[in-house]
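Reading through the structure tokens given below for one structure.
Going by the order they are written in, the chains are A, B, C, D and E; count residues from 1 in each one.
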Amino acid sequence: MGIDRRGFMKVSGLTILGIAGGASIDGLASPQTPRKKAAEAGTRRYAMVVDLKKCHSQEGCRDCVQACHLYHNVPDFDNRKDEIKWIWKDSFHHAFHSMEHEHLEESITEGPALLLCNHCDNPPCTRVCPTKATWKREEDGIVMMDWHRCIGCRYCVVACPYGSRSFNWRDPRPHIKEVNPDFPTRTRGVVEKCTFCELRLAKGQKPACVEACKEGALIFGDLEDPESEVRKALQDRFSIRRKPELGTEPEVYYLV
Amino acid sequence: MIENALRGSKRYWTWVFFLLAVIFVGFLFYLKQYHEGLGITGLSRDVTWGFYIAQLTFLVGVAASAVMVVLPYYLHNYKAFGKITILGEFLAISSVIMCMLFVVVDIGQPSRMFNLFLHPSPNSMLFWDTVVLSGYLILNIVISIVTLGAERKGIAPPGWIRPVIVFSIPWAVSIHTVTAFLYAGLGARPFWMTAILAPRFLASAFAAGPALLILLVLLMRKITKFHVGDEPIKKLTVIVTYAMIINVFFVLMEFFTAFYSAMPEHVAHFKYMYFGLDGNANLVPWMWTSVVLSIFALVMLIVPKFRYNFKLLPVTCVAVFIGLWIDKGIGLIITGFVPSVLGEVVSYKPTFPEIMITIAIYAVGALLVTVFYKVALTVRGEVTYDRVRPLETKAVGTK
Amino acid sequence: MSALFALLMIIVLLLIPIIGTEVLGLNYVFGVVIPYAAIAMFLIGFVYRIVRWASSAVPFKITTTCGQQKSHPWIKSSSLEAPHNTWGVIGRMALEVLFFRSLFRNTKADLREGPKLVYGPSKWLWAAGLVFHWSFLIILLRHFRFFAEPAPFFVSGLQALDGFFQIGLPIIYLTNVAIVAAVTFLFLRRLYDPKLRYISLGSDYFALFLILSIAASGILMRYTGFRADIVDVKQLAMGLVSFHPVVPETIGVMFYIHLFFVAVLFGYFPFSKLMHMGGIFMSPTRNMANNNREERHVNPWNYPVKTHTYEEWEDEFRDVMKAAGMPLEKEK
Amino acid sequence: MHNTGKIIIGLLIFLVIAAFPIWYAVAGGKTGEMPVLEKAARGENCIIDSVLMKETHMFLLDDWRDEVVREDDRWYRSMTLDSTIEKSLTRTCLGCHASKANFCDRCHDYLAVVPYCWDCHVDPKEFE
Amino acid sequence: MAEKIISPEELAGGIDYKPKKKTWFDPTVEFRRGTWNYAAPAKNLEYLDLPNPRKWSPTDEDWKLPENWKEIILEGLRVRIKRFRSLQLFMDICVRCGACADKCHFFIGSGDPKNMPVLRAELLRSVYRKDFTMAGKLMGKMVGARELTVDVLKEWFYYFYQCTECRRCSVFCPYGIDTAEITMIGRELMNLVGINIEWICTPVANCFRTGNHLGIQPHGFADSIEFAVDELEEITGIRVDAPINKKGAEILFVAPSADYFASPHYYTLLGYLALFHEIGLDYTWSAYASEGGNFGLFHSHEMMKRLNAKIYAEAKRLGVKWILGGECGHMWRVIHQYMDTLNGPADFLEEPVSPITATKFENARNTKMVHIMEFTSDLIRNNKLKLDKSRNDHWHPTFHDSCNPARAMGLIEEPRYVIRACCNNFTEMPENTIKEQTFCCGSGAGLGTDENLEMRLRGGFPRANATKFVHERDGVNILLCICAIDKATLPPLLEYWVPGVEVGGVHEMLGNALVMKGGKPRTTDLRGEPLVGVAQAEEEKKEQEVSEDA
């Protein structure tokens, strides 16, 4: 006990009294992790590149969706109303519905587009959140969710121009087919969405969808790193982003 | 003063218990919603806000409209409103409380609602809306308790209350402006992306709120001894008239901008509202009812002969109120989500539990209005109670 | 002055468990002996006081009527304010005990120029009193999680309601905030209002400070680093209620402070104004029906008195009465 | 009039209520039983002193959740283990203490504590 | 008013609710003129067999107390603690929340902090603590304990005779602590050592001897009733019958003696006489039990019983079926809350039934005594009376609930019902000053003396102020009440605070409005004031005469 105990109690007590302050336990703070150090050296900007052609090569493939939903305990309600989606396939016209011109390359427009949170550089969803339950992580550009703090007002869902956010209309647990105990489920009444697998990233793994895609249609990486795969892919091919006119600067790119 | 609400006639108690019963039933449904989640409502991934938030929007307007009696009375010394300012303030208090209840029932994690204050986020309009609504509630509670209390004691209200009242006037405007900002700044929802959303909200509020106040005053003339007199009612009617004209004018401007520009994102919503989109026309009958009621009300209000006809006035006010309620309480919020951000048309219909919860909150409002008006009227009554006739015979009988 | 004296008393009381457990190591005394003694004082003292009150007679039915009596069937009688039978009395007492009916009626007199006297409602005392008492009760009931195994049914319900809002961790109970706010208000009121300051005795402040100290020590224990291991606490509590007292080693000093203050409160209770808890039920102006002319009330010590009888009276005035032609019992 | 009967009844009610814990204990018969916690499946020491852990784990977990979620600060240096561990309820805590039911719930049930951790976080045992 | 009193504005302007001293422990009292009552003369105490008769004055340094006065009082307190649970309880459970503070009319009118009910009780409580509680013995001042000294006794005298036992504080107290109980015991204790006031002991002695407070002998009483009958005949043209000591009558009627000796009570008496005649009531007055009022209530429980015994004794002697009581306040406190317990059971009487309407007065079935408001309101309800409201049109009445009927009986709506049936212009005073929250006249409980005038005017200030409010706003010109003390003491009070408002009884209004069979058309009310229509007609007539003369 001794010093250890007193130190902990004192600081912890202060923490609790200053609830809003969000102070941390400095006395017991862990040593800096390697990843944290890297973050301080220079910020990163994670991005995803979806190669639509490659994606279309396997018709009806849902590997990425399944991997993601399995990993994140995303429930399957099997009805449109209560549906929760982190990553999903939708028609090109829905995904890019301001692209009205008729005679685009059919292989692109007739196939589905893979949709997920865009992790915008200028996200409207975090701007509207009244509790800072969703915010953009400065160090790597991931738009985060704090499910402990979300009050379920759904303002972010309303503000997102891409339909990337889902709300837990009901208790998700009974609808999770196979639970991954490593990842929490959510509770009813909070909003959720793709987090670029930030937990996996922290462990040095790739996002689940990227790992699951056998076609290599999904490329993930740091845009700040000139050597990264994403940078190269974007340099080599022409890419589009969803609703660029809104100025949200999505970090999900589609190679056409 | 509040004791007066605990004494009343059989009719009063019947009404109170009826409302309590409605509230109780609604509360049971809310418990169900609390335990099962908002899934029991008609809301969905595509239409995330619906009936609850629409009522919030509408009622913020009713609350803000108290300024239409407070302002002429306190800033322009318009004495005829002296008797009804307190009624306007009480209506505002009840409306704000209803607004807050609608927010509470709409959020998924009500037990975390204090996060709004524990993690204040000035970048969020919802945060500001909470601030202005709470502030408005406190302002009106203080103002009405102090002024009515002074009236009951037969003394002048303390001097410090006047600046508070004056302060409440711009605050009233702010609550509806900030509520409009909830919607107006969202790139995702082109239907709401219009600079005149706040002015339009205010115009419709200043029509619907006073219309409701006229109805309440006329009702009290019928069932209580409280008689307001014709002049304030006429003046309120004029306010409704102008506000209604401006509101319709603003709506027409929206139509012009959408249809003349012919930008699909803007046109689609209006099409959905008034003509149906992709075979989905569930709002169409409502919206045309609103159009018909509004045109009818405009005619009735603009022609002076009809405007000051106290027999027709209730009908006109009902038309104004329902017309605007459909416009704001059904059309405005739902249409923002149809078509969705992905261009899909997904219909929304409130479910039975959702409607029952909504009715229960309206019943809370009705109960508050009843109780507050009972207190105000009894206090007024005390001041003139049992005064059968003015006394000419005063001098006689004293030696 | 008396407030300062009361504060001093509290500080002295605070030092006792600190020195007793930290310096002298008398954990058994503070964990077992004193609580037992306090509970014994409380129960015996409480019963003694009630019995003492009960041994005084209620010679007359002196109901204070605060509403219309029951007379004609066509006049609506006020069965709760001027109760006319036992049910009415029960209702009146329930309103009084549960909702502080009489305080709800409170007014404030205000003398203005003129001269003009005006009265306005004054609900602060009622509100603070009600909040304080209800919070105290709920907190007490919540504590049964320590005194009963398994925790009784009402504990989880109360905890869920009281801690409905997820604020802080451990979740902040609304009653914890409320009791501190209400007691603080009641204290400031005594200081601020000159009339109240004038009537307040040291014992009035002492009771408030004591309750505030109990609340404060409990709150410090729950929400800050002054933690006590509540498994140990329950072990101690269960040992006490099952008469097999054990004193776990690791209970912190804050717990002993809390427990000691509670013990002081319990021990002090029967000998102080706090007995109003039992007294209110026996108040003769409230707990009797206003049916005096309908039902006979017997005075147990009624004794004969010297009166001026008619005969004595007629004897004294017979002559003048005769002269005035008034009827007489005896002509001479 | 003394109303002795009513007062005695009132006093008895008071005493019965006041003695609730005693007769509840007698009726329930579970007075002295302390919760018995399942030993950790591995290791001798907890990540901090175990007595301190018992009293303050809720603060620790609360701090952890904010640090992990909001500050991306996931590693904890344990003095007692002299190693760095992950800040995780399910992986770290329930990594050693094999079962929520036989560990967490024992005390929590004993003291009627209902933490809302488990609304979202998953007890790995439940799904094996 | 013997001495010139300062103006109302000055008097009210000097009221400050902020206590001047820091604590109340110092018992010293300044006996300022106008704020205390004369001591009781020795002869009255002797007549009543009361202790320590002597000549003394409260302003004397030496009150000529018996040697062992302290033991007597403490022993008296000990006995009474056992006898009165109210006393025992009220000594113990006050938490000094202060809710009662500004409810007392004497505090409101004087600002003297010891007139706060809580402190008035503390005066006795401090002694109780010192001598009867462990805490008081040990902790002393800290728990508010004080030694009983002569100064404390003088302080008791001053403040227990500045309480009118109106029970208003009891309405607001969360535990129902009733200062009237404390004051009554305080006065009883002082009586034990011969400290009492003239205005209580003299009426008590008179009443004990002759049957009424003024000491008027039986033939004088008969004359007075006879005179009223004459006067009523002059106004109405009807000669009514007013039997006295009539054996075998159905009902014994008891009213406060002021009703037949004092004004404006007198008009109420005329009202009773007219009413009883009109409905043909078989009743009788009694010269022996001719006093409904009972100043024994203000003296001691024992004295109350000694005086009250006459009513049942006389009812028994006369062989009546039941008893009807007139308009009086404290008389009704005694009848409603004490009479049956003191001198009952009245098993020789029958359960009261109205001979006119056959209504059973179930709420009086044990005590067998009915309040005249219950009786008359029942008559009106059953349409047994023909009332011409317009005859009261020159009056604009408001109603002052007398403390005792309101707070010790709950008689609230009956008089209002009668007033509304008799008057067109009834107005209520503000709600915090009527019904159970009514304010005392400031002169009850034996304090209505001239030497105590300043204190009476202060104590009556809240009542007068409420009257002033409706006088100025609605033109109220008469304050109706159903209490003899009110009728005696409100006129000077109103003359001081609200000139232009008269005081009257409810049955006066009834007598005005009552349309009687036979007789002549009324031109005046019972006071001789011309009625509204008549006044106009007369003026017109005068004008005509003047013009004719010209």
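Note that in this section a residue touches a chain if its C-beta (ideal position, glycine included) is under 8 Å from a C-beta of that chain, and two chains touch if they have at least 3 such contacts.
In this text the structure is predicted, and so the values were computed from the model without any measurement.
Colleague: Among the chains in this structure, which pair is joined by the largest number of C-beta pairs in contact?
Modeller: If you count contacting C-beta pairs, the leading pair is C-E.
Colleague: Using only alpha carbons, which chain's centroid is the nearest to the whole structure's centroid?
Modeller: Chain nearest the overall C-alpha centroid, as shown: C.
Colleague: Quick check: how many Å separate the C-alpha centres of chain B and chain E?
Modeller: So the centre of chain B lies 55 Å away from the centre of chain E.
Colleague: Roughly how far is chain D from chain E, going centre to centre by Cα mean, in whole Å?
Modeller: 68
Colleague: So how far apart, in whole Å, are chain A and chain D when each is placed at the average of its C-alpha atoms?
Modeller: Chain centres of chain A and chain D, defined by C-alpha means, are spaced 34 Å apart.
Colleague: I need the residues of chain B touching at least two other chains; which ones are they?
Modeller: Within chain B, residues 109, 112-113, 118, 154 contact more than one other chain.
Colleague: Where in chain A do residues touch two or more other chains at once?
Modeller: Touching at least two other chains: 8-9, 12, 16, 19, 187.
Colleague: Which chain E residues touch at least two other chains?
Modeller: Residues 430, 469 of chain E touch two or more partner chains.
Colleague: Can you check the complex and tell me which residues of chain D touch chain C?
Modeller: Against chain C, the touching part of chain D is residues 1-4, 7, 10-11, 14-15, 18, 20-22, 24-26, 28, 30-35, 51, 54-56, 58-59, 62, 107, 109-112, 114, 116.
Colleague: Using the touch definition from the top, list the residues of chain D that touch chain A in their complex.
Modeller: Listed in rising order, the residues are 48-49, 51-52, 56, 59-60, 62-63, 65-67, 69-77, 79, 84, 87, 90-91, 119-124, 126-127.
Colleague: Spell out the part of chain C that touches chain D in their complex, as residue ranges.
Modeller: 42-43, 46-47, 50-51, 54-55, 57-59, 144-152, 155-156, 159-160, 166, 169-170, 225, 227-231, 234-235, 237-239, 241-242, 244, 250, 278, 281-282, 297-300
Colleague: Touching chain B in the complex: which residues of chain C?
Modeller: The touching residues are 104-105, 110, 112, 116, 118-121, 123, 164-167.
Colleague: Looking at the complex, which residues from chain B come into contact with chain C?
Modeller: 1-3, 109, 111-114, 118, 149, 152-155
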